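Okay, so subunit A shows up in both of these, paired with subunit B first and subunit C after.
Moving on to the complex of A and B:
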């Protein structure tokens, strides 16, 4: 090429160059235009899905009951109302306690799986993830059957122990109230904390232990000077995740909270019980604040985190120690039994005729006749919603991550989009749901104080499945965006510039390189969206109508009406569905995932 | 390639809209469709709806069923853009505030003259029409009380005895019609001051406040909280299903509540909605209601079911001032919430 060029006359060279340049500019011009409009479209979507509803919620909090703007009166009233402030303390107390317990339990569990030679590791791992497949109410319902006033454990298996051992051996833990909430929340947050800590523990550099050994440190010292510091970010992150999850959870306090009020149930009571929508919005705004603080604190911590794990790192060598293994085995066994006994209680409650007076088996509760549900219809609605959420959500989220991560234009717009994409992490589902009612059911928007009216183009979404799907996608947006971004970051930055310079249109690169290489992450996002849409209540409790009732909501309705056994049955069906979907997914995609990951192996 | 991407994008966008609109477009056909919000107990609805669908096969009814509080909240939240055409079987005391907010459309159903005067609005045309009444009862689990060696409580006064501490459940008046009628009965029977004083004492014995009015009866059936302050229907139902329940009508008299139906004010009132209003005042419908409720809005001449006191209408039911209760609802619920719902400190044992 070079030699040919040198032979060319100068005049010819310039002509050649300008032609080339024009050609290239034209190509990039189109791609640039397309990229830019997609980025703007994404930002617009995020504004409609997140910012505008939040503004509407905030405006609502500034109104009194008659819809007049009254400034911050609601907030002042809130802090004057002792009972409401008490709920805030209660919520903080519950969340901090949950965070601590959950992190401690999950740490030793993860430690056992990563650093000991116990048996049944695979089993323990799967059991730890089980609570992820269930709506949070299920933990509460199961606890009632185990520890309630007539629970199996409270009554010593209904007096069976009394007959055998001469004593009931019943344990009454006074379930209703903070005890019940904290136990439910710990079960709910345990898998998430475990997941984070498992990752943190498995990347420790063994050379540090060798160094400590050489210096003559004892076991305890090694634990506190090597193990803990090397995973401190994981610990903090796990704590924050558990904190936020329990801070904003609605299902567990609803079932076992009794008179112990927390912010999430306060919103529900204000809106539903007292029809005080403006106070409901006010509590909603207050609910965001600590979650937001925890969220930013976590982000800050993560930024500080520098990897102590390098290419020279040596992976952890497990030393033989039968006594340690025995202790950890018992520990893991106890926790697994705890989790499994919840599922066991739910199964038993679903199949028993009249708990605790008639233990003959029946399938009656699984028909959902004559109870506060609508038969199995909500279940099929849930399947539909979860399926569409998984498909649409995966496309939107992955494409969003791609635009933020892999395009070159409009840096500030992309950064803004990234911020908005991460924001839902700090938004409780209830807040999203409430904001959506206000935003999507307004026929006309009034821009405050200047008297301009805009007709709402999205109002037709209200009361449809689409608004529920949209709320779900936004609710689970951030977590999955992070998954997608992490996967995209693994891909070399040069794929795009190289293909661009080779005149390969970006969508070809996207379809032939980016998507296939990120396929495991994409599938993971899909399954996450499906499972969570099956179990969520908080975002959708305010959004459903007669035609769009979901299985999780029918659980709330049934427990409210006192139909606890059918509620247990519905929880069981949801759990089984999610497990089935996960198992089918694992088998069906094994080949695809292996092929997609082949490039990472040698 | 480019074209196919465009095509896919277009199809995607189309499918989003299609999914969004499907709930509406599916209603095409010739059937007229109305949306009915109702607080009627789930297990009663199928029989009523079967009768309606038989009589009017061309009307498709979509039902939103929830507790009284949620239904009222939904209607208020959707005030600017009502979804419901009818609110059916809503507790009268939470229907009154909706009427005051101007949400109800006046309409005289066909058989309005047959309805007893106490069971319909005084205005003409009426804003609402009643269908039945339900009353406060205790559902008491005899097996559990026997185990503890306790007698069955017969009156509200009995419930204050310390031996029942932690055994009683009662619906929260903020979310449950039964809860509200119970509280409003305390205030009407004993007078405001003594009523609140009574509730202060009762609160000491309450094990749990529930969201709905039927839950205390069901919890009594399960033995979880053996004394449930509930209402007649679920109490008897629980007994029928085989739970060891005794239904007690409190000696002092029972508070009661009416379930009523009303048209929702909209820009266009559907003909089918009026047809539905006519239907809920027919003898055929009220006969069905009578199977679940001892008291209905028309005198059908049927005897009271077993287990009810014979002097039900004359003595057992208190003189209930719905107008007062409806007007005072917000204040009463507010006061109750302040006193009892807020005691959020963990109970010291």
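Moving on to the complex of A and C:
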């Protein structure tokens, strides 16, 4: 037995002065084994769901039409083909324009809601989020009904104005092509830009304004020296988001693009139209590049930004100013009317017999008979896919975030998993869809250059709903992982150590504490997955078969076939479903969210 | 005294950074040991290694009753722990927080209930058992966390700055309460703190740490009276550092004698400032003797209020200060 004395005299203890860098590995019990296996399983899942399909896509881009590896010939050909290069410029033009317009419009809208005393703020906020509930094709279709050849505004309300005012007062904005695409994309990206800017503006420190005030800054000066710099990260972030969304969007250019080609429609044409898979994947890879650049730029900016806010920010006090309020009220009203008129056009288009010749009401379009769709079946397919995506996706994503965030084992594995989890943020839906065809449709994989063949164990998924669900989960993985991670970071990081000290296995604390505490975030993830799975087109356009057709796909098919009215009707049902689900969610979960908030208070 | 825990050569690196460098000490049964040191010196890391929440470097050893527990996971070490944040489960009531760890022990419902009530009464909080953590004061949360740790009747207790989130008054009260409880249960306890007063008042034994290394170990009296290094002298209590003939000597303000007459060992000083501290005055003296250099410029001396009155001490008074040999600590 060692006594106090021996400890006080270090010379008697076997003193070692060298440091061995290796760590003592703990013996693992059953729960720890289980825990570690789950972490490995997560990494494996991410590799199968993301890395392998992407590799397959890259390999495909290196092949020629006959499947022989030809190196970067496809890329060289791409830049030699004038029409293809032209669509790259087109895409850049569209997305930059969209980014700028969307950010400017959203900035003033957000400013109005955060920094003025206008009425109807609640209403304006809901309207701003409306476009999130619709597939992008809907914006295009609505614009056709308003500004197309037979559109209400182009024809001066079908000659109505001519009778009243003596002139048609029609305005032709030459919708088909860049104009239509940009307007659709602005509408599509507006809610996202608005959301980012709203947050950025609301967290700006009021003390900055007080400081500006004491220095006697004028209003304009204050705006440019305080407001703009303090939200510059928000502005850039919003621009990136709008840019990437429109850069990779497929729905709007498909519907109103006409002969104006963009990268997204090129991929579709190459793959579906010309069966040129190699060129399709080449364009797909080019489609990733700006998103990847924006992704890393955004990551770097966010790292800087986190230091520029103090938790003690004082919130803004709004000064009275009736003229300012009037101007902003009119501004918000105009934008809201714009958004609502789209929905109005869609409702009208869905319910009238033959636009613009017979305006008698009918429910005929809502039956989807005798059109390129398959009746209501695609809609029910969409409901099914969205529901399963929401349930399965929420479980996988939240648990994935938990494994990454709340464990002390396998740090490197978890860091790698985090990187892979965030990567889909830079992957356009089209690319995911394309990569999935290549990966899941392959009977055998050949490991390149060494001639080893492996049978594909996942091929049976091809053509099923499951592959669509999987593509959706990966497509929306990152955004929701961030939601989950943010919620988990708010929980005390000692819950797990305390449980371990009490010999409670991790899964019990996960169920008893982590999940109940994070329920609001979990529900939010579920609803996000549902709504987005209802509206998404890009990832699934390559993956559907006759049996697994979705509502959004049937919209594209119907517009392709000229059945615009039923396409409008289908868009309408999707929007209404999403709104309904959201409203039911708000009411049904109010109690849960309030309770969780009460627990959070300290 | 019988030894319970033995920490031997514990070393921990994070990449290139050395967080703990060969730490050695032992903890006797029923002893209250404080790990004391400035922020970042590795206290929490050491506590987490003892708990098994961090894996130390090869060569480190932790013995529990002579058995090597270094490779055991936390769940096999049988200890209770209270974190600075308490880590109470916010969605469970105080009662269920305490019952949480007991549920895995294959006890009957009645036995669990009994143990929970017992733990609640230990910390005198029976009346708040149905409240959620958010409805408890900081001090109450702290005691519930303690009750939760104790309910499992652990072999030893680990506390990581358990009082630092509380305001001063509550902190003083809980110091006494925790110590009383520890003595009553006779549970071996290791507490991390960076508050020297807390360590001095609560501990049987203090382990002073600095820069990943152990500086000194001993009873509060030993550490206070005979600091082995200038760091310990400076970190615990107030100390004057004097330079004399190339060596450094340390002496506490209350150990310096003030006299109106000159003796063989005294030095001549002049009062530059004085602060009233209730029972005593703290004088700041300028040394008029060139052979001493005070590192802070002025010598701090604590003098009972009665003596200040008797000698009529005020600014610019000239006094003789004697530095008693038995309180001088000399460092090379």
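In the analysis below, the second predicted complex is superposed on the first by the 563 of 602 C-alpha atoms of A that agree within 3 Å, B and C clash if a C-alpha of one lies under 4 Å from a C-alpha of the other, contacts with A are read in each partner's own complex, and residues count from 1 in each chain.
The rule is short, and it goes like this: contacts are C-beta pairs under 8 Å (C-beta built on N, C-alpha and C of every residue); 3 or more make two chains touch, one makes a residue touch a chain.
In this text the structure is predicted, and so the values were computed from the model without any measurement.
In the superposition on chain A, A:517 contacts subunit C only, with no contact to subunit B. Contacts of A:598 after superposition on the shared chain: subunit C is touched, whereas subunit B is not.
When the shared chain is aligned, subunit C comes close enough to touch A:504, but subunit B does not. Among subunit B and subunit C, the chain that touches a larger number of residues in subunit A is B. Legend: residue contacts after superposition of the two complexes on their common chain; A:408 is shown touching subunit C, with no touch to subunit B. By the touch criterion stated above, A:495 is placed in contact with subunit C alone, subunit B being left untouched.
Touch criterion not met for A:37: it reaches neither subunit B nor subunit C.
In the superposition on chain A, A:87 makes contact with subunit B only, while subunit C stays out of contact range.
Looking at the shared chain after the overlay, A:149 reaches subunit B, while subunit C stays out of its contact range. Residue overlap on subunit A between its contacts with subunit B in one complex and with subunit C in the other: 505, 508.
Residue ranges of subunit A in contact with subunit C, taken from their complex: 1-4, 7-8, 10, 13-17, 19-29, 31-32, 408, 492, 494-495, 497-505, 508, 512-513, 516-517, 596, 598-602.
For subunit A in complex with subunit B, the touching residues are 82-84, 86-87, 90, 144, 148-150, 174, 176-178, 258-261, 269, 271-275, 277, 354-358, 369-374, 388, 392, 395, 437, 441-443, 459-467, 469, 505, 507-508, 545-548, 557, 560-564. Subunit B makes touch with subunit A in their complex at residues 1-2, 5, 12, 16, 19-24, 35, 41-43, 62-67, 69-70, 72-73, 76-78, 80-81, 83, 143, 172, 174-175, 207-212, 214-219, 221-225, 234, 241-244, 330, 333-334, 337-338, 340-347, 349. Looking at the complex, you find that subunit C touches subunit A at residues 1-3, 6, 8-9, 11, 13, 18, 21-22, 24-26, 28, 48, 51-60, 66, 70-77, 79-81, 83, 85, 87, 89-92, 100-101, 103-104, 132-134, 148-149, 152, 217-218.
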